[in-house]
Structures are given as structure tokens and as C-alpha cells.
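The two complexes that follow have subunit A in common; it is paired with subunit B in the first and with subunit C in the second.
Let's look at the complex of A and B:
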């Protein structure tokens, strides 16, 4: 909480791109949100408490981290626990005790977030990551930490997923408090997918490149995992509590809808992607119709079977078979 | 206590006098686990372990349900019909409980459910065609497998942290006791008199072992 307050106060002072990150910690928030919280706190400490000297020392410290690969993890893992405690490491004006240790993952997260602003210029590539690192005052050689531009895409997707979860959790809370009406499933799915895809709007020109990066063999497992957890979360918040094959069919249907809508979006040139949302609406209607048709088929089948059994019994009665008892 | 919580949540709903009076009484310390059987997992390893256990338990109860359904389809009008129906009802309750737990904890059910559906029904129906003793032998074999499986789960949880998993242990113990009762009932009703009892029992138990190990992951 203290981190939030300080971040908010600092936010007024410095308008950096990082401030657009949502900072409300949601129950389903994953580790990345914690990193962002810690990242922002570290950012604030370096900015608010001590000006250039701290940044320089942080940079120096971070560089120091790079040069010492083996012991770094042990040290930074240990101190990352300290880093997560909100205000206990808040040093006032006594300068030198920089408790700005951060783990490698936190640093990677910071660089990747900063790299996003360079994506429209450099595309989803190592150049964007290098530019991001430089914008944080780090050497562009820090791209060595990343195996490829796929890392940037995957991190962005994970970030969008956690944002969506926050929004859905907030909506659920509103419904529980009685402040909002619960939506019908089809509408809920449509809104959830639309909200999620709109997060791609600023990067839509370069998104085909991102999608092709996701198809590289080394990125496929992680990409699939993110997609399946996204679809699972959307259905969970839509109220799905099934424990039979419906669990699988629902998620498969939504995965199909999401993927095809994403593809339509990247080649959509209509204002505000109106064609995409129409397409989405139609696909969801298709699935809903298919589900109701399946139910109708099933009940028709049951009625037909009952009719046949009735006819068989009648026949048995007529021919007198039933009386031989 | 529950109403106080509800009133707190629905802050905009008008409070009746009764609710208001309940509110003024200081609330007892409500255990954070009073409704859920599973504690919130601390890390992904624990979540995976719990997921596997619940998935296979759910699959087991589902299969047992289908076995009894198969047996009933053949022996419905025989003398042992009511007995099998009673055991089936208990299994239905177990399955319902596991459905609740899975839904609450967002556990993926096993993808092999259609397979267990058919296999269970066929097993129940085919052993029932051997007569009442066949059905009882099948019951004995299956319940013995399930009891052993629950026992190993109880052991695993007790080894890890009995305090943390008290509710889950309670549920599993209760179900294990029910299954043991079914097993004893089967023995009482001449399960062992069927010719080839040992062969049948071993074959069924082998199938159960395979089903249990496969349902944990798939």
C-alpha cells in the first residue's frame, strides 16, 4: 500500500510512460504485477529520494550485476525478499545504503515495459528491447538477457492478460455488490474478448510480426499456456463452473473465436475496428446457436427413442408376447 | 454470522431490524476456510499436486457412478436392485461433492471422462450379466481399489501437512469409509462365490490402477 501511495505522489511529479501501468493489486494478480509494484517503488526511490547520484549508482549496481553472473542470482534472490517489503527499506537522506537490489526477472520486466514504447518504431525486435534498455539508462548490451524478441511479445501478452483479469474481477465485484447487472453469457464473452483485443490497438500495425514470432518453436509452449489461461479466466468470470466435457468444448470454442477475431483485427481497416467487433458478435452468435441446436437435437432424439419404445411395447401387446408370463 | 457478512457486502440493501441487531453483536472470528475445503495454494507446485488429486478423485467417483448405473440397468428388477440403488445413491452424493470442489477451485476435469463413462457402464453391465454374484464381485474389486487409492492420498497429505489440509482429509476419510462399507457389503452378498473370482478381481483392479494413473495427468 505504501508503494501505491508513493507511486501516486511521484506520478504527479514525473510523467513517464511507466505510470500508465495499472497498480491495483487484484487477487488473481500474478508475479509480474508484484514486480511492477516493486519496480515502481524502486523507480520512486531513485527519483524522489536522491536525484542523479542514485540513478547512477543504481545503474552502476545493475551493471555490476551483469558482470557477475554466478553470485548475482544468489545475492539478488536473497535481497529481492527485502525488495518486496514495502517501506522497511525506505532510506531517507542517508544516501549510500542503496537497497535497490532487484531480481533478474524484475529487471527484465522493467526493460520490456520500457521497450513497448519503441515497438511502433522498431517493431517487435531486439532493437526495441535495446532502445528500451537505453531509455532506462542501461547499456543496450543488456539485450543479452533475452533469448529473442519473442520474450517481448510474451511479456506483453501476459501483461494484457493480467490487466483483463483485473477488469473482470472489478466487474464481478460490482455485480456482487449489486451495483451492476449481471450480463448474459454471450454479451459477457463479447465484451471480454473486445476489451482484451483492444489492448492491441496501439500496436496493431506491427502485430502480424508479433504473431509470427509466437509461432516460432521456442515460443509456442509459452504462447499456448498464456492463451489457455486467458480463455480459462474469461470463462471463469463468465460463470462457467462445469466439470464435464463442457469444460473442454467451451474453452475450445472460445479459443477459436478469440484467434479468428484476432486475425480479422490485424487486417481490419474500418474506423475503431468496427468490422472486427461485428465479426466477433456473429461468431459468438454462431456458437450460441450451435449450443441451442445441439440441445434441441438431443431432446428430439430422446422423444424419438421414447416413441420407438412405446411402439415396441404396443406391438408386443398386440401380438400377445407380453402375456406369456 | 453469515447474515452479518452478507449485510456488510450488500451495503446498499436496506437492513431489517433483525439484521441490524445481528450486526451490533461483535462478529466471531470467522475461519477463512469455513466454506472451502482446499486451502489457497501457496505456489504452483502445490496447486498442481492438489489439482491432480482432485482430478483423479473426481474421475474415480464418476466411474463408480457409471459402474453402478450399468449394474442397475441389468439387475434393476432383481432382488439386489434396491441394494445396488442404495450404494449408487451414495456414489452420486460423492460425485456431487467433488463437482462442487472442482468448480470452486478451478480444477480441470480429466479429458478422459467420456472414456470412463462408457468403460464404467460396460464393466457394470457385463459383470451384472454374470448374475448378482458377478455384480458384487465387481463392486468388491472396484471399492477395494478406490479405498487403497484414498488411503494413499490420505497418507500423502498427512505426510505433507495435516494441519493445512484438515478439511480435505476429512472429506477423503469420510468417502473412504463409505467405499469400505460398500466393499464389505459386496463381500456379505456372496461376491466370492462366483467362479473365477480371483481372475475377475485382479483384472478389474488392474484396470482401475491404469485408470487412476492416467487420469491424474490427462
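Let's look at the complex of A and C:
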């Protein structure tokens, strides 16, 4: 099931169709803008809502990939600000070589990433998003593109998830190349969850506000999607290829561990969150012990039942009730 | 008195019959007026400029602006009262919804075109004030136990005002409407942050990239060249700025549509005559609503003007639509 979803993920990433628009870099481009607008109308006709609804109808993994790609693009855009994109035929046609194009979603992703630096001051709120937009040179009215501060939190979580995937994939490559030892499952889970939760460290003071935003009814579906995709990815990279009930029990267990550790981290005041990592270690040990305990209980139960049956047969033999002499 | 009432009743019946004839026979709305008007126009004018719609009539484009000016000149004094009477006060909710959707941040500059009596601008200023109060209260609460770094930072920072003060500019082509708006502002005691400018929506007297938010509430259907107004909006908005338009639109529900049509054509002109003493202006008003493009078409027009992330919300079942677009 996970493999099928991954195949979908690869296919969808290539076929993302979004409208492009000229970047803010060239402000006096009325004529060019109109021309671009006209040509782009002939191209893909999809706006923010349509793109969002299209991805919502796909599986959560596909949505996860969609969320993954814009932050990656946003990061690469920020690093290569004046670089040239591979010119499409449209660009050659218009002769504009110094204008960069990005989609509406990429611009929204850029605004949200810029807003993160204002979160310690304004909290997870529309003011932070407005400050982020202003730092990019856009008017604060562009916050109207976002339905609420929940958008900021969800985008940040998706961004952290994609960073974690990159780290885990890198580690897996190292193991496959033989440059690193494969970790035991318990250690792998502990490291993965710790890496992921450390990304919250700069915002830990305002994280309770973010968690409360995630519990708003309009943000719950998206939040659950991101959480389930995170847990699924961690288990995948831990080497889980189960196809039976174990798939569900493993993910449920890790979801419980992750959520409780997050709660402990929010109120942890020890240096470098040491108490949180100890708590995490203990919870993972509990789960591992529980798995082996369950097996022991089952075999013990079977043995006990066999013993009882044997005792009953012996009793019947002794008292002469047993007909089969 | 009895004679005038009889005259009045006869006039209502005549118009009622005319309206029923128009809607029942499915004749194109302009034809009846057109035939009479065109015959006399051919004698007086050359076949010169293009024609456009003025309610259900057809007029030359140059004339439409003048006729619209006359309409609003006549209704300016009783404009607010008539709004309340015709929409049963619901127009206040529509305008409040516009402000909530806008969610302006402190420091934002608003341009309210066809703002006339200033409803949107007043609400904008109130909203900004309450936002600033909230921010100040939050700051005070956070400052209860300042760390030494915060105290030293406070001493070192310069005592400067906000980088940009929020303010609203009300622009209207009609000086009578602006006069009424100014009187309202004076009576409400609003002194700063508000300015009144006379200007044409198709040719705004402002420079490029000046405003954060451009609103036009119940005004764009009166503009002769809507595309031109949209392009002007694109021009005066800052990058990232938002275009918001509140306008009467098509009702999709057939039952509601019938009730709405009956109310529009039978009740509203009568109210206009009784309260403002002007039947024809309010007849023009309801007819111009019918001639305005529907939600999807208007959305396409906004996109063609160069706005992105264009969306609309139907209010009151589609009677009013709130369109929003961004200059990115």
C-alpha cells in the first residue's frame, strides 16, 4: 500500500499544473503583464483554490508531496534570487530574460516562510503573516490570501516534515552505500522523533498557541493528514514493510509516542530538553517491551491451557469416567 | 390629495403592466424603450459613438456617465435612508462582511472608489482602531515583566511614529455624494485619517502603487467601461494589494430569484417615490443590477485585468457577491 502510494507521489510531482506569474522584481510592466496574463490564460487555468481542492481529493501522500515541493522551491528560490530559470518557449517568445516566474502557491509559500521569523514577536497570527509579506516587499493586504493563522502553522509543519524526509533519505543512502551501520528499530525511531521535535526548538515558547490553532475545526483534517504522513514516513524509513494488522498498530503506537513527547517538550525547562528525550526513550522502550510481553503472554496462555486440558484428562482417567480405556 | 393619490396609483398600475409585459413576453428589455428613443435620436444625432446600457435603456457611452451623475445627484440626500429601506438594513451586514473579509492590518491604506457617503471608509477606520487597541493591550500585557534586554532596547530605540499611518481615501465622481459623506464624517467626529477626492473610476487621480486595498461597493455597475476601472485598480494598488468589489449579482435559486425580482421591480421604485420622491432613479438602479454580468463572468473580467487568486463569495443567496483579487 505504501509502495503504491509512493508511485503515485512520483507521478503527481511531475504533472503539477499551476499558473505562473511575473515576480515582483519588475514593477513597471503593465504592458508585459497584460501580455503575460493573456498568454498564461491560454496555459493552465487553475487558481489557488482549485489547486488546493485538487490535491485534497488525492491521497494524503500526494498532498504531502505537494506541500513538500513548494517549500523546496521556495528555499531554492531564495538562494538563487537573481538566477535564470530554464527558459520556456513562452519566455523566448517574449524576449524577457530577466524576469523570474513563480506560481501563486510558491509566492504564498515564500510569504509564510518569511513570516516564520516574526513568529517569536507576534505569535502564530495574521500579524506575523502580514509582517512576513511586508518583509518581501508586498502589501500587508496580501494576508487575505490566507484563511487564518492556521495556514502558517500547517505550512511550517509540512516544511519540517519535508526536512525530516530529506534527512532520513540521506541516512538511508548512507546505509545503502555501506558508509553507516543500520540502526535498530528502537534507536531509529528515537533519533527520528528527536530530530523532528528539535525543529520546534526556536518556536517552543509560542508552540502551545500553534497546537491550539491546529485543534480548530477547519485545521483538524489537514493537521491529521500531516501527522499521519509523518508517522508513516518514519516507519517506512525504519524498514517497516508490513501488510497486515501490524501496519496499523505500529503507526498508532508511534503517533501516541510522538504526541505525548511533543506535549512533554512544550513544558520542558531542562537544558537542551534532556527530560523530553529521556521520556521519549522510556516510551519507546515501553512499546518494545509491550511487544515482547504480548508474545510471552500468548505462549504462556497456550501452555496454561494445555496443562489444564492434560490435568482434566488425567482426572477423568483416574475416576474411570473416561470411556476410552 | 385624493387626485394625486389616484394619479400615483394609475402610474403604479401602468408601470406594473409594463413590467409584466416585459417579463412575460420575454421581449428584450431595451426594445420597447429603444424603438421610441432611437426614432427621435436619429433625427438629432449622427450615428457617432458606441452605445451602452443605462438600466434597460440604450444610451450613447458619453451620455451614460452624465445620466448616472444626474441619478446620484438626485438621490444623494436620501441615499442612506433609502439603502436602509430597500435592503431592510441588510446592506450594513454586507458592508461589515466586506470589512471582515478584508481584515486590514494597522498601517494599511484604503482607496474606496464610488465611496460616496463613506460607509466603507468609516467601517475601515473603526476596524483599524480596534485592531490597534488590541495590539496595544497585548503589548501592555506582555510588558508586565520586561526582561533587562527589553528595557535597554526601549531606551535605545528612537521615538518614531509608525512607518506608515493607516488612512482611507474616498473617491467619487459625484460631488453631491462626497458632500453628504463629509457632513456625516463631521457629525461622527472623525477628523484624521480620512480624505475626500473627486475622481473618475476610469481615470483615478492617483499615482501608481499607492494603496494597499481598493474597494468599490455597489458602484462598479454604474461605470461605463468596467474593464477600464479594473485596469485603474490594478495600477494604483501596491504589489500584494487587494481588490475587493461588493456588487449585486445573479441569484441562482429560482424561488428566491422570483421573490427578488418581484421585490425589485414592484417595491423598490415605489419606495423611491415615497421616500425620496424619485421613481426613475430607483427604476434605473434595479435595471442596472440586471444588466451587470454574473459572478463567473465578472471574475473572468477581474482576472483579465491582471489580478490573481480571484475568488467570490455569494451573500444572501447570490443577491450580493463579494469579489476579491490580488495584485501579485
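The rule we apply is simple: the second predicted complex is superposed on the first by the 202 of 325 C-alpha atoms of A that agree within 3 Å, B and C clash if a C-alpha of one lies under 4 Å from a C-alpha of the other, contacts with A are read in each partner's own complex, and residues count from 1 in each chain.
In the analysis below, a contact is a pair of C-beta atoms (placed from the backbone, for glycine too) under 8 Å apart; a residue touches a chain by one contact, two chains touch by 3 or more.
Everything numeric here is computed off the predicted structure, so don't read it as measured data.
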Q.
Looking at A:107 after the superposition, I want to know if it touches subunit B, subunit C, both of them or none. Which is it: first, second, both, neither?
A. second
Q) Which of the two partners, first being subunit B and second being subunit C, lies in contact with A:320: first, second, both, or neither? A) neither
Q. When the two structures are overlaid on chain A, which partner does A:217 contact: first (subunit B), second (subunit C), both, or neither?
A. neither
(Q) Which chain, subunit B or subunit C, ends up touching more residues of subunit A in the combined arrangement? (A) C
(Q) According to the stated criteria, A:178 is in contact with first (subunit B), second (subunit C), both, or neither; which is it? (A) first
Q: Applying the touch criterion given at the start, work out whether A:127 contacts subunit B, subunit C, both or neither, answering first, second, both or neither.
A: second
Q: Please indicate which partner A:139 is in contact with in the superposed arrangement: first for subunit B, second for subunit C, both, or neither.
A: second
(Q) Using the touch definition from the top, list the residues of subunit B that touch subunit A in their complex. (A) 9-13, 58, 98-99, 102-103, 106, 108-109, 111, 113-114
Q | Contact set on subunit A toward subunit B in their complex | A | 176-179, 232, 236, 241-245, 247-248
Q. In their complex, what parts of subunit C are in touch with subunit A?
A. 101-105, 107-108, 135, 208-209, 212-213, 234-235, 237-242, 303-304, 306, 308-311, 324, 326, 328
(Q) Could you list, by residue number, the parts of subunit A that touch subunit C in their complex? (A) 19, 21, 24, 27-28, 30, 33-34, 37, 41, 47-49, 104, 107, 126-127, 130, 133, 136-145
